[in-house]
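Both complexes shown next keep subunit A, but they swap its partner, so subunit B is in the first and subunit C is in the second.
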Partner chain A sequence: MSGFVTVVLFFVGMAVFAWAFRSVARALKPDEPVFRDMPYATAFGYIFGLVAIMGAIWLYALSRDADPLVANKYFFAGKAMEAFVLFTIAAWLFRVVGRSIGTNGSRKLFRQMPLTASFGILMIILYSIAAIFAGVIAPYGQDEIIQGVAANIVPGGNPAIGGNPEFPLGTDQLGRDLLSRLIYGAQNTVGIAFVTTLLAFFLGGSLGFLAAVLGGWFDQIMSRAVDVLMAIPSLIFALLLMTIAAVWAPRLGIPLTLFMVVIIAVIDSTRVYRLARAVGYNIVVMDYIEAAKLRGEGMGYLIFKEILPNATAPLLAEFGLRFCFVFLTIASLSFLGVGIQPPLADWGTMVRDLAQFINFAAFAPQVAAAPLLAAGAIALLTVAVNFVVDWMLHRSSGLKS
Partner chain B sequence: MSNLLTINDIYIEGRSDEVWSPIINGVNLSLKRGEVLGLIGESGAGKSTLGLAAMGYTRDGCRISSGSVNFDGIDLVSASADVKRGLLGKRIAYVAQSAAASFNPAHKIIDQHTEAPTQHGVMVRAESSEDAMQLYERLRLPNPHEIGFRYPHQVSGGQLQRAMTAMAMACRPDLIIFDEPTTALDVTTQIEVLAAIRKIVEDFDTAAIYITHDLAVVAQMADRVKVLLRGDEIETADTRQMLANPQEDYTKSLWAVRSFERPAKPAVHTGATPVVSVRGVTAAYGKVDVLSDVSFDMHAGRTVAVVGESGSGKSTAARCITGLLAPRQGHVEFDGAQLPASYKQRDKMQLRQAQMIYQMADTALNPRKTIAEIIGRPVQFYMGLTGRAKTKRVDELLTQIELEPSQYRDRLPSELSGGQKQRVGIARALAAEPKFIICDEVTSALDQLVAEGILRLLADLQDTLGLTYMFITHDLATVKSIADEVVVMKDGRVVEQGPKAEMFQPPHHPYTDLLLSSVPEMDPDWLTNLLEERGMENIGDAAVGKM
Partner chain C sequence: MGSVSKIILQRLGLGLVTLFVVSIVIFTAVNLLPGDFAQSILGQGATKDAVEAIRKDLGLDQPFFARYLDWLSGAVRGDLGTSFAAANFSSFVGSDAGSGLGTVAQTIAPRFENTMFLAGVTAMIAVPLAVFLGVLAALYRETIFDRAANIFTLSSISSPEFFLAYVLILVLAVLNPILPSLSNIFDGMSFSERLERTLLPALTLTLIVTAHMMRMTRAAIINLLASPYIEMARLKGISPMRVIVKHALPNALAPIINVIALNLAYLITGVVVVETVFVYPGIGQLFVDSVKLRDIPVVQACCLIFAGAYILLNLAADIMSILSNPRLRHPK
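== the complex of A and B ==
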């Protein structure tokens, strides 16, 4: 109860403070339009943001506390904040560099880029490097059980609390290096997700455009089939099909991963189909399509030369989002045990394997952080991709007007 | 008497590509109570921006960088949002170009009408809806007590525009800004709206700013006219004085546009085979007949203008000729041979011979292709030219439409002006080397000066290449300047057809007469005289009454 009262009082305090802030500002500068026309919600937003920043600084101060027991508790919070600031600066530098080198077109692109987008792009580049050069970067193998080293080394690399500087992120129950597994996880999870998304787009995109151009019975049959597939909850459907595939795969001698790629691609292609058809329909009614039809152009020319170039912006944006969903589906399936199979390192599997450590959160936050590393890697990539997608959507809608 | 509205040396800027570029450069404007000021200029002249600035408002991405807007002692540029909220809708109202797009389609007209008066506390709801019906009656809307309870889509365009004028009047404002209120309407409907606006402005002694690009319209409406060009004021004068004696060269050139006329061509040989012949075509969308038993011929080297209001079936006739819509009865002949009904059954040769130029050049050109690709495709597709031969042909075509090849070849349509886009549309049609071209309202989206350039180009091309045009339009001035023969359509039927000279001489079919007399003339007394002639009482139903 007292916790609830505290929260309410806290918000009331902020509300009063916001009102006072606006009134004082108006009294001091009566002619300033910023304060004069400021809605109350905006004033509250400013105060809320201020409180949030103060909270973050306080948390960071705790992580640098002289008492190692206190400092260790907030170790990861502090590191995350440091990394956040560092990456923001890196993103800003990245944009500055992009603005000053390259062709005129790319410079213009960087000039109009918001910081979030450059942060996202930088993140995606880092992930791609990790995925492509995993074998070179990772200090150990992904399934290598390091001899002579105890399992369950705590992350942080501080020997005082049970860490080991050689394994900055610690080791898992079997004594495998978590950092290496995290890097290999990028290769497996992101690589497979990328291939799956490409396949989904090829399927859904071409069928969607075809339905838009042909219309009539083809459109009806395809669209109703897609409706049926979409009506089934996708994760449960995937789980069901994967269970069946798990029986077939060894019998046919085809890796289960291939089945997974196809199954997820087909399920996700329904969403792509919907989008491609809707976008396609808007383009098909344009006069230039009519002109091309009257010229006697074939279906291939219509789809690939007339429609596709005009649909790239929404499709690219959807590609980013779809990639996140596919990637989360793979992680979920792996977490449930039917996705990417051990000993391959995969972020979903890593979360599942290390999940029991979350129980230690109350007294040893660093230990509980181990499963969150993989989850954090997933979350960060999702956020990064969404930043970039938001920017692309904004650009494509801005071009239209 | 002091001015109601004074705009002093106003500068407005718009933001594009991270830089502020000027839209309005130091324009002054003053308006007395009950006075109507006409603002004219081409698109991009800053008419609408200035009109909105008179309300202290700028569109997103624009700002008033200096100057003042003084409305009845209040400076709208520095006024707070609260002060403006109290004025807009109550003392200053705005009538937009497209009433269909400005009404909320989800609410009844009268609910939208009563919103402003009740919000501003001028009237209670019941009072306001009673008042709305009186306004509807005054504006001669049919069934004034019932029409307000319809949704916007259940009312015709002209009626909706009048309802919007009534809505602007709801709080009895001191100032109304009309932003091209009749541009989207047919000539016959335009009259009703013009008469309604003029009446209500006079009745309530309201000041108004009337924005338009049509000189003849402004001559009917405004007491004074201000001419704008690219954000600069060219000249201001009383309407009669400006019409009689324009001072500046630009104003004179605007006046001169309507003078383009081609010499008449000799009569067609009797018995000559027409290039395209429409024979008894009846066509339908779904179950409703849009065309019934339409027949007309188009002879080589001639321009046939097909005239009529929107919904008269002009464009449907074109769709039957191109084969996009298969007729239910009748057929189309090309050089004496019957064409297959659907374009899908026609061969490449038949498709090549008949080309089309569209009204909206924006949607007719693929925005992701360069000009060379757009024009080059039919060259390659029909003529089989590739590589250097194709480039050469594209350059030839660009020269033909008076665009410098080296400069325009690699541009995208978005980097061209409206008139240039339309020229590229013409070049794409020419690239197929056709005999026959359908021009579907090709000039109606363009400014008068630009439109005249397009008409001249089409006329020159016809002379050099011996083309046959089917010219679909609702603008009789265009017909006068370019047509050899005229086909008048109404409700899917051909009402009258014949050579241009005959069509513009009485006696007319009553519908042709209505169309002809509805075209606004430069004479400021034209509307007054016309209304007297037709009888003020039935102005709302003038179109119907005359039939």
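== the complex of A and C ==
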């Protein structure tokens, strides 16, 4: 309870300080409109921001000055702040580079871009590189148990606390290199999520456009079926079907991962169907569709040459959001133990396998870093994609204030 | 009001039909499992007679359609069948099935209560916080506060639940032992103790749903700010806070209530991962466990409850948006 009282007193102190700051500033500079017209909340905001920045610097100092061999409570806060500053600088540099090279159009795009969006694009590029060239970048194989090396090497590469400079992120319980597994995880998790999203879009998109063009009973049956499928929460439905698939997969000799791709694609295609049908409906009533129909064009031409090009923008934004959703579903399923199967390295499974090490954070913070790295890798990509989608939506909607 | 009650009745009927079809889908899906429970509980070496006896007791020898009707008529009366795993088989082979302990309703009831408790605690924290922060973000739009809040909420929406859960465990349970990292809840616990153990999973869920609700609140208010009557209020010289709270917020309530209902639906159904991380004895964890044990009656019942809650809350959101918007009451 004393902690609660401290927090309240802290806020009261800040409130008093903000009031004092404004009155002093007004007394010193009576003609300055900035201070004269300043609402109290803004003054409080300045003081709050100042305190937050000072607190961050203080925390960072605490995380630095201790002996590296002694467990440091502020280790994670320090690392998080370093990562934040590093990412900000990287995103800023990336935007500067983007502004100075490339075509006129791309330079203009980069000039209008907020820092979050350039961070998102940079991250997506880095993840794609890691996913495509995983075999070249990763120092070891994804399920390679390295001979002559102990298991459970501590991340950080400091031999004094059980690290090994050859394995900067350490090894897991079986003696597999965690850095390699993280890089291969990009290939497996991101790759599978990407394929699943593509499949969901192909299914949902084509059926949705078809329903919009055909209308009538086809539209009715498809839409009611989609309503029913959407009435079951997606993760619950996916879990149920995955369990059934887990029993069938070995009997049929088909890998479980393939089942997962199809199941999640079907469940997610219902959401895509809704959007595609709604967008398609608005396009179908246009005159140029009427003209194409009168010309006697076939269904394929109507859908792919007339509707699809006009529906690209909303579908592209939806693709980003759907990808995040699929990616998180796959990671959650793997985390619950029914997703991507070993020996494939994948982030959700890595978090589950390494999660127990979090409890050692008080004695050896480096040990607890391993599961957070895998979970953080998932979070970083979805955050990056969301930043880019947010910016795209903001741009296309023209919302300015 | 005649047309309104007619529309509500229509929606309710539609919801019931959806629930009925969903129950068929769930029952069919579960029955796609190859082999059956009797075989798996007795193992490979079981005699044919023993397997047959259990099958007969559990009604597994009946045809598919008869089993579905049996299950559905029971479910309507609140009798969800006998949990396979909880039943004591050594005493029950050859005897009357369902007479002993371990009905599904008994297994699920306390778990359901726990999940509702978790969802309730989360909603109590998240809803006021989200509306408050949303109003603040709308008031101070395009300032540093708004941008920081935007980045923070986007990040917490898009992070996986287990990442947020482990970060909270790390900060609040391991490094600073303020709250327990495991939520083992049992009967006869005092309310405050129960609340303390529920707080960490509730905080994790709060982070996720608050972000979503707050963004919607902000967007709903900002959408209205271009309206002429807001301009009028501003020209009268009312303070910006009053413009938003007194003039904009009441008209923005419809989309806000809608998104709150949808997030409550998420709270009841999307808790699987969070309950697993914190070993919280709720219905989500029961679902995952039963799925692994292939305890078919429990899996069916859990799915039905999840789907029912989901449909109900979506229905509520639907009806409330119709009630609050006269234009939706008279579809063209």
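Throughout what follows, the second predicted complex is superposed on the first by the 323 of 401 C-alpha atoms of A that agree within 3 Å, B and C clash if a C-alpha of one lies under 4 Å from a C-alpha of the other, contacts with A are read in each partner's own complex, and residues count from 1 in each chain.
Heads up, the rule we're going with is that a contact is a pair of C-beta atoms (placed from the backbone, for glycine too) under 8 Å apart; a residue touches a chain by one contact, two chains touch by 3 or more.
Computed from a prediction, not measured in an experiment: that's the story for all the values here.
J.: Quick check on the superposed pair: does A:227 touch subunit B, subunit C, both, or neither? Answer first, second, both or neither.
T.: Once the two structures are laid over each other on A, A:227 reaches subunit C alone.
J.: Thinking of the overlay built on chain A, is A:37 touched by subunit B (first), by subunit C (second), by both, or by neither?
T.: So A:37 only meets subunit B here.
J.: Touching A:309 in the superposition: subunit B (first), subunit C (second), both, neither?
T.: first
J.: Answer with first, second, both or neither: which of subunit B and subunit C does A:263 touch in the superposed model?
T.: Touch status of A:263: no partner.
J.: Determine, under the contact definition given at the top, whether A:288 touches first (subunit B), second (subunit C), both, or neither.
T.: first
J.: Just to be sure I read the superposition right, which of the two partners does A:296 touch: subunit B = first, subunit C = second, or both, or neither?
T.: After superposition on chain A, A:296 lies in contact with subunit B alone.
J.: Classify the contacts of A:375 with the two partner chains as first (subunit B alone), second (subunit C alone), both, or neither.
T.: In the superposition, A:375 contacts subunit C only.
J.: In this superposed model, does subunit C or subunit B come into contact with more residues of subunit A?
T.: Subunit A has more residues touched by C than by the other partner.
J.: Go through subunit A and flag every residue that touches subunit B in one model and subunit C in the other.
T.: none
J.: Can you tell me which positions in subunit A touch subunit C when the two form their complex?
T.: 3, 41, 45, 49, 73, 76, 116, 227-229, 231-233, 235-237, 239-241, 243-244, 247-248, 251, 324, 328, 331-332, 335-336, 348, 351, 355, 358-359, 361-362, 368, 371-372, 375-376, 378-379, 382-383, 385-387, 390, 399, 401
J.: Hey, which residues of subunit A end up touching subunit B in the complex?
T.: Per the touch definition, subunit A meets subunit B at residues 31, 33, 36-37, 111-112, 286-288, 290-291, 293-297, 306, 309-310.
J.: What part of subunit C is in contact with subunit A in the complex they form?
T.: Contacts found on subunit C: 18-19, 21-22, 25-26, 29-30, 32-35, 140-145, 150-151, 154-155, 157-163, 166-167, 169-171, 174-176, 178, 181, 222, 225, 265, 269-270, 272-273, 276-277, 287-288, 291-292, 294, 299, 302-303, 306-307, 310-311, 314.
J.: Where on subunit B is subunit A touching in the complex?
T.: My answer: residues 18, 78, 80-82, 322-324, 343, 346, 348, 351, 356, 358, 360, 363-369, 377-378, 381-382, 428, 432.
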